[in-house]
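For reference, chains read A, B and C in written order, and residue numbers begin at 1 within each chain.
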Amino acid sequence: MSEQQYAPGTHPDLKPPIGQSGLLFWFRKNLFSSPFNTLLTLTTLYVLYLVIPAATNWAFFDAVFVADSREHCRELGQGACWAFIDNRIEQFTYGFYPVDERWRVVLCFALFVLAMLPILWDKTPARRQMLWFSLAFPFIGYWLLVGGYGLEPVETTRFGGFMLTMVIGITGIACSMPIGIALALGRQSDMPIIRWLSTCFIEFIRGVPLITLLFVASTMLNYFLPPGTTFDLILRVLIMVTLFSSAYIAEVVRGGLQAIPKGQGEAADALGLNYGKSMRFIILPQALKISIPGIVNTFIGLFKDTTLVVIIGLLDPLGIGRASLSDIKWAGLAAEVYIFVAFFFFICCFGMSRYSIYLENKLHTGHKR
Amino acid sequence: MKTFTKAALAVAAFGVVAGNAQAGTLQDVMAKGHVQCGISTGVPGFAFTDDAGNWQGFDPAVCQAVAAAIFGDASAVKYTTTTGKTRFTALASGEVDMLARNTTWTFSRDTDLQFEFTGVNYYDGQGFMVSKDLGVSSAKDLDGASVCIQTGTTTELNLADFFRSNGMSYEAVPIETNDEARTNYTAGRCDIYTTDASGLAATRSTLDDPSAHVIMPEIISKEPLGPLVRHGDHQWGDVVRWVLNALITAEELGVTQANVDEMAAGTNNPEINRMLGAEGDLGAMTGLPKDFGHQAIKAVGNYGEIFERFIGPSTPIGLERGLNALWTQGGILYSPPFR
Amino acid sequence: MTDATVLTKPSDAFSLTKLWYDKKYRSIILQMIAMALLFGAIFYLAGNAVSNLEKLGKTFGFDFLWAPAGYDINQRLIEYDSRSSHFRAGLVGLLNTILIAVCGIILSTIIGFALGVMRLSPNWLVNRLSYCYIEFVRNVPVLVHILLIHGVIVTTLPRTKDALNFGDNFFLSNRGFFTPKPLAEPLFYVVTATFVAGILFAWYYRRGARIKQEKTGQQSPVFWVTLGAIIGAPIVAFIVTGMPLNWEIPELKGFNFKGGLALKPEFISLWLALSLYTAAFIGEIVRSGIEAVSHGQTEAASALGLPRGRTLNLVVIPQALRVIIPPLNSNYMNITKNSSLAIAIGYMDVVATIGGISLNQTGREMECMIIVLGIYLALSLMISSVMNWYNNRIKLVER
């Protein structure tokens, strides 16, 4: 009985048995645990070996970052010609927004970040007051971008590039929120006609591709306006994008509404709350809370879909790329444009999807059955 | 549906931009202080953005000339980019005041679609470009080939007719933009690229080795390209027409961007004097300032100079004047007299 | 005292305030207002449309559909040439849309399930790689994917002259993938008939086997019988009738391959782009579906002594499918709708034909767009009703 005795809690940590820890063990456990797994690992490694050096060489080591034209690029290196993007980065960012007024776009974006802060992050200092600013932001943003009232007016045909993507995406989602919630409530309503109308609208919009709606906006909508009136193509696109995403938001919110136990609504009725109050204080806060991740996902989808406006001739980043590629100096660098645009969207959308996961985890407490 | 109609009603009620297309486009243009000009989304030499982000090219130059004629300021133009599909709607709805977007003047566009072509700024025709090593010398040898065409234009109808009437088969490869056509052609997706001969020359200039490609002698269609406006507003049509004519006449009479100021002071040639406003007041007859010709030429140069600057032999596009030479030099470019 | 009586006995008499405060009347009034707004808006918009059309001197009608279209379509499933009508052009486009949708749905499901399984793989490398793939692909717009893949296919595949040759029967170049084309002789209908009969028989046999199993617990060799009926019987019929099928081999003649079946690069790139893009979403759906089946279920199954294959087939997959099917449905609809982006690379789908070139040549924006919207609505409704039917079949029956 020479075994050593320890008081509870004082046992020193022993090393795991040999072969059960360390790098080698990790490799064996995660990569080579069975013949099949070994084969899989080796195949994957071979594929990576084929792809990664070629891709990095093209994108970085052989790439040209400063040049005046495509010929110049080709003289300097065989890889990607990022000099093209670099030369046109202002256009890719602001479109044709007047050079002297570009500070407005930057300011607007900064204010947008400030306005989103209290909405997205619940530990913002002075959140309540900040929320008022968030409410006022759409008007400030509109004023900053379009001008008037002391600022030089800038017509929307000069919008383009990533700025246009942002404007369409953000306006679309902001305007579609209230419409979407109204539609979701309408679809759940007791009144048959309202329910029927909402359902028809939602199913119609969800049944057709966005691009056909954009074609409607660009070729057909004018017929439905009083003779002689016309309005801005970007505005028409915004209306269509808003209607489009509101149908999707409505479905997300409806999912949230359906997840609320029936007892909640009945309890509100029993307390004598009317429809508006029971929605405002009982149902919607709970339903919206669980649908936030879905709403963020809808927004990511909408944000990606803004690229479709290039097909009706608006100059989003892809459109700017096309117009720039018509300059003989740079013609033929389409791959660079697409990869650059893909990279931009990846950063934005990946960031948003991380945020959505963070929210999901945060909201999971207390609602997990 | 409800929300849709509500939104539509709200927008209609707020009357976002209630421009009245009927009551004199010229007055509207003057009131808003700029010409709204529809252009393409990019054709080398004809419309492209420079490094500073301004639209340049043979087509925007016409818009700039019109703006200069009205306001004396070539920068009073705002551009709306249009695709082959959206261009006519944009013009018909009054979204743009004029369209300068290599658009072919055809009977049905003039009558059925209700537009007014105000002249021809480029006489074009549909041609074929092939690689030299295919060893093809005539378009009649193209049986079975793959052909890249831009959709939404008259070219695909011409192409179908051409191959059909010659009893040949082909594979049509529809393409949205010039740049994609270039990619497809250089990669060998198609053997032939067909579009207006000017576009072919422009595209050829952007290829790695332009001399390895030939544009076939056959021109299978007539494509008179010109600016157009809506039917029914003759005053505005006259403005655009005579600004274009002024550019052409200026070349004929030797008025250039460099000497126009000097000539505007008065010359021995009464027609120059009338056009530049030194004598009489032709401008007033169509609601323009007296010196509209002077301003337009000063802003963009005469027709020959514009041609030379964007698409002529000294540019990479390297188009010859050909049909577009003045009638005095063997072409068919001919402006009615300023009288 | 009086207050109490008033509260307990609301008067039945009608009063104006009741129109708003009584729930029943209020809902009627609200609905009437909604209808009035709707009809007002319809009349207003229709009136505008009529007066606008009048002003432009246009008429509304679908007569133009019967006029010759005048343009050619390179990929067509039915006979078509430039003298055919706009209607036929639209039909060609519709069939192309359906083709790309069906092919896309099949391929994206296969890749998506593979990705989902890879995401759950114990192999760290495979796991991480599929994660990176999913995250990258689904955060980039589908239009960029389409343009990029099309560019890659067109620029990296060899030209026609240097086409990759697979045993003199299959050729791959940047003009497409060419395969031999089956040419049926008259007797071939016997094989087709056998095939249809085989499917009917298999369906009937499966039903019988299920009823038998529910009654007696005896199992029948369903799989082998099905296989024999659907694949074996037609093969036998094929051999018995003397192989009534010829193959047309593609051959390089002049500029292009002649004969055979061709998958055009536009089709291939759209198909790949849509499938790879949607597969990333399906992969995530499959992963969460499988993860949603609690571990206890698998453990219970192995405690009952079920082998691993049966555990998957009878326990895990049926439960995972319940979670997977509804979002899968919306992804299938997305493929169908995203196929409209074909227009960006020149695949002639319904948006490119009737909603594109026909619209452009005839100037009939309204009619063409109505047709296109109607077609997509019908397609979406079809997909979702099929998927709903399937969903209802597999969903948990609560007793």
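Heads up, the rule we're going with is that contacts are C-beta pairs under 8 Å (C-beta built on N, C-alpha and C of every residue); 3 or more make two chains touch, one makes a residue touch a chain.
In this text, all values refer to a predicted model and were calculated from it rather than measured experimentally.
Peer 1: Going by C-alpha centroids, which chain is farthest from chain C? Tell me that one.
Peer 2: So the chain farthest away from chain C turns out to be B.
Peer 1: Is the C-beta contact count larger for B-C or for A-B?
Peer 2: Output for the comparison: A-B.
Peer 1: Quick one: chain A and chain C, Cα centre-to-centre, how many Å?
Peer 2: 25
Peer 1: Quick one: report the Å distance separating chain B from chain C, using the average Cα coordinate of each chain.
Peer 2: 42
Peer 1: Report, in whole Å, the distance between the mean C-alpha point of chain A and the mean C-alpha point of chain B.
Peer 2: About 39 Å separates the centre of chain A from that of chain B.
Peer 1: Counting only residues that touch at least 2 other chains, which ones in chain B make the list?
Peer 2: Residues 1-2, 8, 12, 85, 89, 92, 176, 180, 183.
Peer 1: Listing for chain A: what residues touch at least two other chains?
Peer 2: Chain A, residues with two or more chain partners: 194, 197, 204, 215, 219-220, 222, 224-226, 311, 334.
Peer 1: Can you tell me which residues of chain C touch two or more of the remaining chains?
Peer 2: 34, 38, 45, 151, 343-344, 359, 365
Peer 1: If you look only at chain B, which of its residues touch chain A in the complex?
Peer 2: 1-4, 7-8, 11-12, 15-22, 36, 41-45, 47-54, 78-83, 85-86, 89-90, 92-95, 176-180, 182-183, 186, 202, 205-206, 208, 316-317
Peer 1: Provide the residue numbers of chain A that touch chain C in the complex, in ascending order.
Peer 2: Touching chain C from chain A are residues 30-31, 33, 37, 40-41, 44-45, 48, 190-194, 197, 203-204, 206-212, 215-216, 219-220, 222-227, 300, 304-305, 307-308, 310-311, 318, 334-335, 338-339, 341-342, 345-346, 349-350, 353.
Peer 1: Taking the touch rule as given, give the residues of chain A at its contact with chain B in the complex, in rising order.
Peer 2: Contact set of chain A toward chain B: 87-88, 90-91, 95-96, 99, 155, 157-158, 179, 182-183, 186, 194, 197-198, 200-201, 204, 215, 218-220, 222, 224-226, 228-233, 235, 239, 242-243, 246, 311-315, 319-320, 322-328, 331-332, 334.
Peer 1: So in the complex, which bits of chain B are touching chain C?
Peer 2: Touching chain C: residues 1-2, 5-6, 8-9, 12, 84-85, 88-89, 92, 112-114, 134, 142-146, 151-152, 156-157, 159-161, 163-164, 170-176, 180, 183-184, 187-189, 191 of chain B.
Peer 1: Residues of chain C touching chain A in their complex?
Peer 2: So the residues of chain C in touch with chain A come to 27, 30-31, 34-35, 38, 45, 48-49, 51-53, 55, 121-126, 129, 135-136, 138-144, 147-148, 151, 333, 337-338, 340-341, 343-344, 351, 355, 359, 365-366, 369, 372-373, 376-377, 380-381.
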